[in-house]
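The structure follows.
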């Protein structure tokens, strides 16, 4: 290729794309733009441009390997078309048979942020011990220090694996739910209306 | 077993439990018209079809039915409101409303996660390190021994005395009441349900009531009630008089 | 491609190559021809042919990812050109800190003296298995015989490396904890008492 008018250093983007491929194939978790830039010894803007090239090469229906933006970084995975073959050889990552209790617990930890078992039990109305143990074992939640206010109960947060398994770029991708405040106000008004009817 | 998918066939309502809950919350269905005992019986029938006691479903069901009972009781018994909760009515209504709303939101979020998981189940990725990746030991940075002392002090900190009223609802196991009622009927041929549970909290009463229904289903006792809201009289059945001690309901064994 | 005489179903080799790419990018150990064939649902000869295609696509100087034949089978690795970038990725600054779980476990073992996993779990109010495994792997704790009590669980003690990392000449230099207990026995009794209250 001949680029006589180019003033930017002559390191072609193609070469950087190759470096990124190498980094992504050895990494054990998604890599952020900053991590890629630091390892590649290049600047973040160029890394973003090169990632676009990698993404074109490793896309669904074009390759068995697909580049995805997940859990705050970039990672390779198998293409969806090859899921059946993968399922014959590998465990589905940490997601089989999540019980309703586990899903509710996971939802609370994801939405509320770091919270303790008593916090979770308060919302669910039943003890959350076995669901928490199960999610810890699957690596979907992790300890996040102790709650110094509430007698040092251990608090939990979701892990990057959670985001990865659920295909989320970040927790901010979780949909907004109906506002608890509004819901609670509505129910409270109804209770009050009932009380008034009675005293009338 | 998914409690909210429990199919109901009541006079006032036909459909899944989930929908009933939604209609009640939207005030499109008056709880005073809903036969809550019918819901309990439907649940117990589903439970009985299973080989094993589904504790998770029981817990979830108890929470939901207790909340409904409380709402219904408020609508039905205006004068007993003070007895219904140690909290003042304002606080109780506030707390109950907040709890129901919060729980409903958690369920909504869990439903979203379930759907998401189903949609993303065909994304396979490597969970461990790459097979031929360079292995580098990352040494630990120097640590401060004060961090150890701090961690230990936190572990030695007394837990605060927390009022259980805003902690998790605690349900005593149904099996406790199964045993208690069996014992009662061994000593007496009949007893009055209300009298027996009068001293208990509402949640314990809910568990006791489930135990009562379970024992009736198993034919271990008979229940009579002269009229709606009249005292519930519990008595030994004939077969129970004959072979009182031989029976061991499988349910109890499993739930022990 | 025209293969009029072939009796095997006409699944093109390209498609099989994609399946192999997917399997190899998910695997955390080299995969043998047999494993690949079983997962792909194809026969070993065709897998070998398709691997040749994959090898052409992922070769030195052509891609950052390279297909490699090693003892256990086939695996992807980073290309040699990118070794420096990969080394930078893995030698990220060693400012790794201990998790709360690890720190607590270490504090218990250091202050109370040799304890077993059940001991640690009882004091922490939560299982300590992964924290113990992590500390063992880092060489900060080591096995110290078995508990004489029933069950005979393995007990753990801190190591000389632990003392080095924490800048201690010996365990007697640990910060005093007079407010918790005067000596190891006192501290242990206090921790157990609190743990009991917490679980009540």
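Every chain is named by a letter (A, B and C) in the order it is written, and numbering of its residues begins at 1.
Methods note: contacts are C-beta pairs under 8 Å (C-beta built on N, C-alpha and C of every residue); 3 or more make two chains touch, one makes a residue touch a chain.
What you see is a predicted model; the values in this text were computed from it and never measured.
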Checklist entry - Hey, which chain ends up farthest from chain C, C-alpha centres compared? => result B
Item to check | Chain whose Cα mean lies nearest the overall Cα mean | outcome: A
Checklist outcome for this item: Expressed in whole Å, how far the mean CA point of chain A lies from that of chain B is 31
Checklist outcome for this item: CA centroids of chain A and chain C: separation to the nearest Å works out as 20
Checklist outcome for this item: Whole-Å distance, C-alpha centre of chain B to that of chain C, is 39
Item to check | Multi-partner residues of chain A (each touching 2 or more other chains) | outcome: 25-27, 76-78, 82, 86, 90, 146, 151-153
Item to check | Junction residues of chain B - those touching two or more other chains | outcome: 124-130, 132-134, 154-155, 157-159
Item to check | chain C-touching residues of chain A, taken from the complex the two chains share | outcome: 17-23, 25-27, 31, 35, 38-41, 63-65, 76-79, 81-82, 85-86, 88-90, 133, 136, 142-146, 151-154
Checklist entry - Hey, which residues of chain B end up touching chain C in the complex? => result 124-134, 136, 138-149, 151-159
Item to check | chain B - residues contacting chain A, complex | outcome: 2, 25, 27, 56, 59-60, 62-63, 67, 71, 74-75, 78, 81, 89, 93-94, 96-110, 112-114, 116-117, 119-130, 132-134, 154-155, 157-160, 162, 166-169, 171
Next on the checklist: Give the list of chain A residues in touch with chain B in this complex.
Outcome noted: 25-28, 68, 75-78, 80, 82-83, 86-87, 90, 92-95, 98-101, 103-104, 106-108, 110-111, 118, 121-127, 146, 148, 150-153, 164-167, 174-175, 177-178, 180, 183-188, 190-192, 194-195, 198-199
